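Quick one: the structure is below, questions incoming.
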């Protein structure tokens, strides 16, 4: 058993006939993900690429196919409803790729998924991949390789940068999770760190944070108190000015809180390895894998 | 330990300076209930009857006095907020006497108290009494006596009628609970039956239902499957016409559902004693107490 | 509180529901004028608080304004389930392709508003529920989240295969839900929801029942009450803050508390009598209420005996006794009265009654039996 | 998105918040006319998206219309934190008894809107939070239930002992909350909330920040954007769907992805350079975006070298290469460019660039070092 997804993941894709949804549906199918259903209201009864049945609702899809995971590629105004639909339909994991979901929508979605006991990853995230087993989202499969490093990150391409460097250096990954760059998301660093700690395949963790909020500081405390496996951390945004939203809705320094310096300090205090540059992960992880 | 309230109940009264609140506050204090606080916004710092401290908010009252139970005597438009205030302030039991609370308010209040893990009794109920220990609400103390019979009822004065008859016949009560006559209330028959079953002081139960809904039928199933103690039941409203609300918002026969005949049938099927008249409880309970 | 179809439709229209134009007429000439204005076939529909208007002949299709006048003449003044038709709704007749049912009630079991939708619309939903329950989809709504679009769409697809219709229906569900919540409803329904041959969704009939407890904070809704279409004695009772329901028997009952009131009626029946009413004077002990209660009950010519059954808790029995004395002094009773009083200030009450020539007991069964006998015999005690 | 004080006040007024009358002036004569109309002392307040207006001399009390004209003359055209004041709000001056702070933000930790209220109003709330945290009450709101009256009253009593003021303040909390939710805010505040000597509650200043992600569904709010008060390059970038933030350095950065863009800026700094901007071209690989990005960056005279850092996932690197070629053909570059590309269609991209006279590497550190060196040297590669 890997972290969050594995060979047994049966995926329903919400928005499978849209521009992004259809592109990534094919990518996931090529990677070997079990894509069992798609959802596009009004296209129920059709098939995607001649093989994947399309349904009008997630409830129908789950009932007919036993899907246990959903990935969402619908426009931002509909994303909150799509997440709740999936959670209500009985999947265990919902991954929302959509960027630009209003944060007030998330203040309502978050307690909803909690009440349903469903794990949400995202929104505004690249999804996750367990190399060689399953990919849910948009992380490019070819830059990953199976191996011992758990990767968790608030950003997309920065993750690719690090994963690519690790793979090129011959260091594979157990699971890579992009938790997303929004201020309110379904799964945080600690959730992932706990899962990596419990996962026998993971031997070390690479963690990429950003300015904004205090998630990284709390993660550092968790690492210090609960983790036996080594963790190497990085914080993007050391040169970011306060009060400006650096692309990600969540990457904003408010007042004196959420600076990179503060976060790096907490990493050091937790005894973590600290990467100053993305490429530093290679040597720091290598040293910790022994 | 008795059912829901006992000597250790520390009560805060919401609306203590109102017409009903002040009258019943005195009654409860005379009965021996530990009335530790009252709440009336704007009268914080004053004292009720020279002894009970008044606070502006329930949170203040709980913090200062350790109240663990609240009873509510505020007008209907404010009752839902008062219930939520009490539940949020950390009491374990909220008893709402107020009649006329809009049922749509209760569709919001119910999940709120459930989330907080708080027991709500009512609204539109006479409250409860553990004779000789504590009284919360408006049940006249002098008609009750300590003893082995648990009483649970959807109505007020009908309860008094039965309790009075039992007491006059020398049969005392462990706890009497009026769960209220509204379609949505916080505590139902089954909650009370389970509590009586678990309460060592209770040896038999008298249960007064009404037309409307299916609570009594579900209670009968529960009694059949889970109760070892004898239960005697009564249903008011055998002569009520369908489609009319018989005073209580919950006492209405909708279509073919909720008739007295159906409920009595379920009592018989559960092997319960069935009182045809209120006074019949005396002999039926006496026979079951042995 | 019941409101009329035309009132419910006005509310629903305000939330965006597509409803054919319509106006209310109280005379045949008005009905004709409205039909002339629309220049198309209309329906003339009796506005009364009673089901089965269609079967009773209270709903008619009219091709021409003259036809509308004629049908309005027949319907206005008609009796439906004991209620006189005072108003008709004259509304543009919709072409009907298919008929669906959409309703919301507050469900006691789930403690939530629950939608019921069925493609088998236009007929009695209770019949559908009893005979073909699989034709109804139930969707509970968690009011904390409102009606999410996905649940609205799920209902839309249950009714229609076509995505445009499903989406349009989903939108109507959300409009109906918004109207239901904001109007303090215990029931709201559209039956039938019609697909016209042109593929348009139209609400052809609308119904709303308002939770009485909402009326204080919704003055605009409370103002919709039409007292002319209610039992006058029940209107009087409500205005006096009494809960009163008229029945067909001859033992007039005055009781404090709803449960005890029902139990008293049941006991009247148990001892072979027939209650003339349900009447709860409530928990407060205002002597005025007793005066009103007696006035309402004695106005019913069927009543042959009056039974008071008061268990004094909050209610002070001496207040009730004073009320009886006051009321009967002003308007001497023409039928016998039996008084049962017990509880708070019982001794004072007994003294007041005795001094004024009344007798009273403290035993419920005894009092009920006596009242039943008096009603049968028709003589004073 | 920031909106001006006068716009925030207009919204809050719509929700019932008591706010002194005010109008916007763009000339001293208008300011005088407005003050004349009110016939009382006014405040003239600079409308710019910058804090510390008061300290900068952008907020003035004016006893007479002539005074208002004079102060408006001084304030209009003034620079505050690099922004030119184009408008002033002329508003009736309130008598100030006491000042409180009321604000709501979306809190990441509780994942809820959270109220912050303090009787120490009128000053910077962050200072209060740092120095006297016990003077702030934090109240999170569960949006499923809204702001309950009891929580609003709790805040009211935290600010005022008097129950009437507490109740009035509680009402303002609920109005502010409703405005916050309906306007898609990430922040809304009233600072100061003033009690006048007459005991009236008045919102003397109001501020709202809107979540950019809400703008598509709130056209009326989106229309409040005042581009004249923003950095022109940032306005251009937004209109081209790019995320751009101008900084003070000389290495212009074009990156895909926010995290990688920040990491690239950090690496520029790491190697001794200074980034001229944050620029995220996003996930889609539209060559047009690259053209816009280059146009915006080259418009900054500080930029001495341009650095592309693209990790192709969804973004096709060949699209980026084509964009660079197109843009530089139309407007030849005057500063050196360093291109780092890797990922999707890397080989095609390299070929396109080479054929058009550009060189490119696939190593991020190497590219950043080169760009830093070029920016320092000021010479083309």
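Order as written gives the chain letters A, B, C and D; numbering starts at 1 within each chain.
Following the convention adopted for this analysis, a contact is a pair of C-beta atoms (placed from the backbone, for glycine too) under 8 Å apart; a residue touches a chain by one contact, two chains touch by 3 or more.
Computed from a predicted model, the values in this text were never measured in an experiment.
Chemist: As a quick test, compute the distance in whole Å between the mean CA positions of chain B and chain C.
Modeler: Measuring from centre to centre gives 28 Å for this pair.
Chemist: Using CA atom averages as chain centres, what separation in Å is found between chain A and chain C?
Modeler: Spacing between the chain centres: roughly 55 Å.
Chemist: Of all residues in chain A, which are in touch with two or more distinct other chains?
Modeler: Those would be 108.
Chemist: Show the residues in chain C shared as contacts by 2 or more other chains, in ascending order.
Modeler: Expected reply: 144-145.
Chemist: Chain contact graph: line, ring, star, complete or other?
Modeler: Topology of touching chains reads as other, fitting no named class.
Chemist: Please list each pair of chains that are touching.
Modeler: Result for touching pairs of chains: A-C, A-D, B-C, B-D, C-D.
Chemist: Across the complex, what residues on chain C touch chain B?
Modeler: 106, 108-109, 111-113, 126, 130, 142-144, 181, 184-186, 211-214, 216-217, 243, 245, 247, 255-263, 265-270, 275, 278, 280, 283, 311, 313-315, 342-344, 364-365
Chemist: So in the complex, which bits of chain D are touching chain B?
Modeler: 145, 148-151, 153-154, 157, 162-164, 166-167
Chemist: Where on chain B does chain D make contact in their complex?
Modeler: Chain B residues touching chain D: 41-44, 56-59, 78, 81-82, 84-85, 88, 108, 112.
Chemist: Note which residues of chain C are touching chain D in the complex, please.
Modeler: So the residues of chain C touching chain D come out as 144-145.
Chemist: Can you name the residues of chain B that touch chain C in the complex?
Modeler: That would be residues 20, 23, 76-77, 99-104, 106-108, 110-111, 126, 138-140, 143, 153-161, 164, 181, 183-184, 208, 210-215, 234, 236-241, 244-251, 255-256, 260, 276-279 of chain B.
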